[in-house]
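In what follows, subunit A forms one complex with subunit B and a second complex with subunit C.
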Partner chain A sequence: MSEWPKEPKQLGKEHVRYDGPIKVSGRAKFASDIQPGGWLYGMMLRSKWPAARIVAIDLQPALRIPGINAAVVANDPPFIVRFYGQEIAAVAGVSKQACLDALRAIRVESEPLPFVVKEEAALSNASPHVFENQPNAGVPRVLQVGDPNAAFQSADKIVEGFFQTSVQLHHALETHGNTIQLNDDGLTCWASTQGISGVKDSLADNLGVPLDRVRVISEFMGGGFGAKNGAGVEGGLAARLSKEAGGKAVRLMLTRFDEALAVGNRPSSFQKVRLGAKRDGTLVAYQLDAFGTAGYASGGMTAAGGGGAGFPAPYIYQVPNSRVQQTTVAINAGSARAMRAPGHPQASFGMESIVDEMALALSMDPLELRIQNDPSEIRRQQFRIAGDRFGWKAKYRSPGASSGPVKSGVGCGGATWGGGGHGSEAEVQINPDGTVEVRCGTQDLGTGTKTLIAIVAAEVFSTETSAITVRIGDTAFPASGGSGGSTTAASVSPAVFDACQNALRDLSVASGLADPRGTNWGPATSRLRINPVVARGRWKDGLSGHGVGGVQMAEVAVDIETGFIRVNRIVCVQDCGLVVNRLAAISQINGGIIMGLGFALYEERIIDAATGVVLNPNFETYKLPGIADIPEIDIFLQDMPERGVIGIGEPVTVPTAAAIANAVSNAIGKRVTRLPISPAQILVLVGKVPRIPVGAPNGQTGA
Partner chain B sequence: MVSALGNAAAVAQSAEALDNQKPVGPGPTKLVLQVNGTRQEIAVEPRETLLDVLRNRLQLTGAKEVCDRATCGGCTVLMNGQPIYACMKLAVEMEGQEILSVEGLGDQKNPTRVQRAFIECDALMCGYCTPGFVMSLTALFHEKKNPTQAEIKKACSGNLCRCGTYPHILKAAQKVVESG
Partner chain C sequence: MHNFEYAKARSVDGAIQLSTPDSRYLSGGIDLLGEMKEYIVSPKRVIDLKTIPDLDRIDKSTEIWKLGANVRIAEIAGNDQLRATLPGLAEAAVEVGSPQIRNVATLGGNLAQHSRCWYYRQRDLRCLKRGGNTCYALEGENKYHSLFSGNPCISPVVSNLAVILAALDAKVIVRRGEQEVTLTIPELYANAWDNPLAHNSLRPADLIVRVEVATAKNRSAYLQVSEKGDFDWALVSCAAAGQKTGSQWTQVAVFLGAVAPIPYAVDSTLLESSGLTSDSIASIAEDLASKATPLTHNGYKLPIAQALVRRCLARITV
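== the complex of A and B ==
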């Protein structure tokens, strides 16, 4: 088993980003910035029907538009589209304006079909079927542990609740898409992706190009969050357009509107939860009956997500007797994809809400109830550390206790995540002039992978990170796999460490110097003459770990006159094994918390039941957290270097929404049951919205 | 009431003035742009936005197309020192205006103090929104030497970041303030 240095000089320190200068100066070329000579603009035509039989597509009028070089159909008619926004055709031309004209010119003959876009409606027998002759509701997954019926009978307290979470969109700022050139020599793809290897495999397979003729490059990419794993329908269409346009490169990036329709989302959840406990606070019985939608299909299967709308339950706390039933229901909407900690934020919201209800029923401090029932020693410790930093004991008051119209409240929640490493490979080249190049077929989603590679290499060679050249994001380099499930740091760091150690050993042999580092570096490398040292390395057991906890606490202020919620402070205590770059780790944690804040308060894809159209496909109406929404964030990063490198991207987004929801409930003295927590929900909960009695004429409000 | 009528008359007059202008297009129109201190002579369709022209005709891809309708700030450039959404301006409107894009600030080796603060505070992750934030804050610091936290937030209120770098962007801005 390999081991990290006990007294590292680079690992765990604060390092600025390797590609900071090129990014802040606007010189970084993302997939959407690549412009090979003679490149064409690509755009897609999407279904305006939530369900329809596409009978015929006439591309000829589009091809007659000046400046249009190619047009292709997504499928040969007849075929059925099952959501508003499904791909129908694509065009390539010399400008965006020409493409817009061409898309308008395409003639589509269609027969609209009945559709359903609401989960509850889709469950009904009378509902239109998303797939013919197939029920919308999948076979429920049922899991029983122990004897829940007997345990509920023996419980001193039972609490119940019904909790909902909405469909959340990834909305990476760089949209999905690629610049692709397909000619007789082969295929080159500049992709905005989390997995260059996956894109290579899918394009080769889709287009029948041999793997040795496919190269995928992703030097810079503008965010993924789980939704950018394959080449996508858009990748296949861009390649076919390039071929049809005589081998000219085609840049086909989705529009912001497209992002809300067809390239993934976090499934919704509707959770009926029941929890039983003994008088002393011991949880004994749990029951969950849940459903949710992952869109028309069951959701993309990825390294990090199993597809469907299911989630882990009972979440993190030990309940010896449980019955869990979960159903994924199809609707006429775009399919889900893995989204940052798939399933966990939904699971966390339902569980942490009902645990808070139980604490109230038992007249216990919710923090103490959690510590009592949490089987993870690390997380129990984190709850205590967070409580001290936050000042929980002084701040926690009974629900709705604050006076005046602006109510303050506190809440907390915990997380778990696996992560861990997989078989990444890397290659190191030490040149005769002493320079070092590390090559790895991974990609940097903004997590700081390039920086991490430079840190590990600098550690082994006893040099500074500025002395290392890092090359990633190219399938010409040793394969490293996709970046998902918080596995990249734990996969790449060991592979680079191994490659550097092998290179150091080879340099020692080639130079005849026992330790070629430090002042020996120049003399050793100068003896290499024409042959640089090139060494490979592979992920090895012992350098990475898996399984982290994480606890967050939130303090909020809620104006019960307007329903406006202000998150004032978040405390986060997070373990992640051996920290490689403290600065980037803090950035990741900030990012996870802020995305969790969006899930808690703002983010919800809304589809109109009458038309099947997504009503908020842009940032005017789908609100992302902005700079003014950001609370004070206090992070305590627990160092556990003996556990090796563990990823951190996902666990940190899990408990934020639950902690905020509990804090809001604590503030107003009413249980929040639905995310996002809109001002309207607050006003309803505090009784500020006039109710209209059944049967009352319009315009007359009741008491 | 009188002033409302006066306004209506003014609007009617300017509409009439517009009607009397000779329309350009629909084909490419010759255009002279002043971008990053360089004179650029190009032919563009009148319906092309400043953002499209910067990115696709001048290869200045620092400004990003993220939403294409003035909600994210990814395309922020400065027009005569004022931050604007390049996606919301037609290129033909930009004649006679001084346009500054991120490429007109420092390069990798010579970053401006705003850019350097972004690097040092790790105020970027994927980096897609970064040029937009850099431009918004550059405009702010041109205008004010010691902006308050509230002014910094206001200057960035038209920019979105999905990676969640906001806390570090605030730190970077603070660093610029402290560096004087």
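== the complex of A and C ==
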């Protein structure tokens, strides 16, 4: 079994991005920058109807627009569209405007069908069906542990709540899309993807191109968060357009508008929760009755298996008796896809909220109640470490206790995540001039994978990261699998480590020098003459780990006259195994917390019930945290190098919203029941809104 | 967007001569280009005003500020002298958009901007304001909509500057054909109260030339509440201004934004008679409740409006 060095020189230090300079100077070419000779713009026509039978599509008027080279239908009519924004056709042309004109020229004959876009309405017997002859609600998943009925009977305290989370969109800054060239030589795809291998397989399969003729490149890409695992409908259409256009490359990148409709989201949740405990704080009984939507396909057809609106319950706490029932309900809206820690932020919000309610009912410190019922030794430590850094004991006061219109409050929450490594491979080439090239068929989601590879290689070769040339994002390199589930660092690092060790051994043999590193490097490599050392390596057990906790605490200020919420501070304690790049780890945690803050306060896809259209398909009304909204973030990395490399991309976004919601509830003395928490909800909760409509969305429902 | 002719105006007269029933004026373009890209408007001719000399001038005398229509929001936000004399105006300007937007957007454009209602801006809907039959917001997603309206369209005015300029009794100088007409802010928006199709009272070829603000009101303040801390539309905005001579208050005016199709005048007559006491302030804020018509999702705007009225008036009394 391999082992990481005990006293590393590069691992765990602070390294700036390997590719920072070319990214900030605009020289890095992302999928949306690629311009092969003769390339065409590609654009898509989407359904204006939330449900309709598409009877006929006439592409001829589009093909007559000057500058248009190709037009294809997404499906041969007749077919049924089931959400606003579903793909109908696509065009390719020499300018964006020509494509826009062509899309407007396409004639679509359709018969609108009844539709439903709100979860509660879709559950009703009277609701239109998203799929004819099928109920909108799937078969509930029921999981029972122990004897919850008896346990509730024996409980000293029972608390109940109804909690909702909204559909959150991925909205990576680089939109989905590809530049694809399909000609007699084969297919080349420059993709904005988190899985070049998956894109290769899906394109080859869908288009019937042999795998040896397909190459997928993604050297730089602008974020994925779980929604960019395959080539997508847009990839298939771009390939067909390229073929139609005589093999010219077609660059089909989605617009921001498209991103809000058709390329994934985090499912909503409506959680009726009941929790029972003994007087001493021991949790004994838990019941959950939940539903949510994963969009029209309701889980079955979503990419990356992220579909379904279910989530882990009772999440991180130990409750010996539980009954969990979860239902996924289809609505006429775009499908869910895996989104950064699928299920967990929803789970965390519901559970941490009800645990806080139980602490109140028992007159216990919520932090102590958590420590008492958390089965994870690591997370119990984290709660204590975070409490000390945060000053929990001094800051926690009974709900609504602060004076004046601006109330302060604190809250906390915890997370769990699996992660772990998989069978990545990598290849190292040591050239006779002493230069080193590492090749790995992974991709960099923006998490700093290239830098990580350079660090590992520099560690093995006792050199600096600047001496390493890193090549990734090309299916011509050894396969490494997709970047999802917080597995990239844990997969790639061991593979690169193994390849480098193998290369070092080969160099030693070839040069006859026992240790070719340091001052021996030049003499050793010069003995290679014309044959570089090329060695491969693969992920090996023992170099990576899995299973992390994570705890966050939030401090907020809430103006109860205006409802305005300001998060002032977040403390995060995260275990992370062996840290490869301290700066990148902290950067990733910052990003996760900011994303969690958006989920807590701002983000919500809003669909109009009467028309079925998405009302906020832009950053003006789909609100993301800005600089002014970002609190002081205090991060404590709980190093455990003996556990190997562990990914932390997902756990760090999980507990943020729960901690913020608990802090807001603590500030105002009323329980927050819905994410995002808006000024509207605050003002309803504190009783300042004159009329409270029953069952209305947008923060105006009570638990 | 559809093709259009592009014409550069060299003078106000030239701009008026270039205008046609199907033309639109372009200055910062922040609002117009968005509408054109979404095919909400498709002018046959776009008349660029940025080439008109002196339309971006700021002239100041002791009694009056004259701000050209092309003055950029960033200049209003960053002008120290203006902030010293008309603090509420600078405060309102700082809250407009982002630095990038403020560097491009202009005073005239801010006043003349169109509805931000998400039904109005939705590319596949044709709402009442766009000539359709229905205000979808009325029974739909109306959390950002009006508490007060004189017509079935409930999209609110969102210009920050209109709210403070109303409180400051500003005059808007408009070229209407051969004539120069002077409108108060309430007059500039009056049509939007009655007419669902109207964003303001400007006629198609009308051109805002400048805004004149007297310095007589030596106290002014602007506040807004948004969901986000910055770069976000106001859920409710509020401006107050008045003249304080010794302990005597005159001409106190309070206006609300984002709650009506026009800058909404808060009845402040009580303040003239009773002075700016905490009781009188609380009373006029309280009074709003009887006049508002909250909808399913926007009732929360009322307490915000009331809080902002109190806070704005408290600010100017300090």
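Here, the second predicted complex is superposed on the first by the 683 of 703 C-alpha atoms of A that agree within 3 Å, B and C clash if a C-alpha of one lies under 4 Å from a C-alpha of the other, contacts with A are read in each partner's own complex, and residues count from 1 in each chain.
The definition used in the following text is that contacts are C-beta pairs under 8 Å (C-beta built on N, C-alpha and C of every residue); 3 or more make two chains touch, one makes a residue touch a chain.
Just so it is clear, the model here is predicted, and its values are computed rather than measured.
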Room on subunit A for both subunit B and subunit C (clash or fit): clash
First, second, both or neither for A:Gly404, with subunit B first and subunit C second: neither
Partner chain(s) touched by A:Gly446 [first = subunit B, second = subunit C, both, neither]: first
Most subunit A residues touched (candidates subunit B, subunit C): B
Partner chain(s) touched by A:Gln35 [first = subunit B, second = subunit C, both, neither]: first
First, second, both or neither for A:Gly626, with subunit B first and subunit C second: both
First (subunit B), second (subunit C), both or neither touched by A:Val613: second
Touching partner for A:Ser25 - first (subunit B), second (subunit C), both, neither: first
Contacts on subunit A seen with subunit B and repeated with subunit C across the two complexes: 97, 620, 625-628
List of subunit C residues in touch with subunit A within their complex: 1, 116, 118-119, 122-125, 136, 139-141, 143, 225-233, 235, 289, 294, 296-297, 299-300, 302-304, 307-308
Touching residues on subunit B, where the partner in the complex is subunit A: 45, 47-48, 52, 55-56, 59-69, 71-72, 74, 101-103, 105-109, 111, 115, 118-120, 122, 124-131, 134, 153, 156-157, 159-170
Subunit B contact footprint on subunit A (complex, rising order): 16-17, 19-30, 32-33, 35, 41, 95-97, 171-175, 220-223, 225, 253, 255-256, 445-448, 583-584, 586-588, 590-595, 618-620, 624-628, 630, 633
Complex contacts: residues of subunit A adjacent to subunit C: 48, 84, 97, 100, 257, 405, 561-564, 566, 601-602, 606, 608-611, 613, 615-616, 620-621, 623, 625-629, 678-680, 683-684, 688-693, 696-698, 700
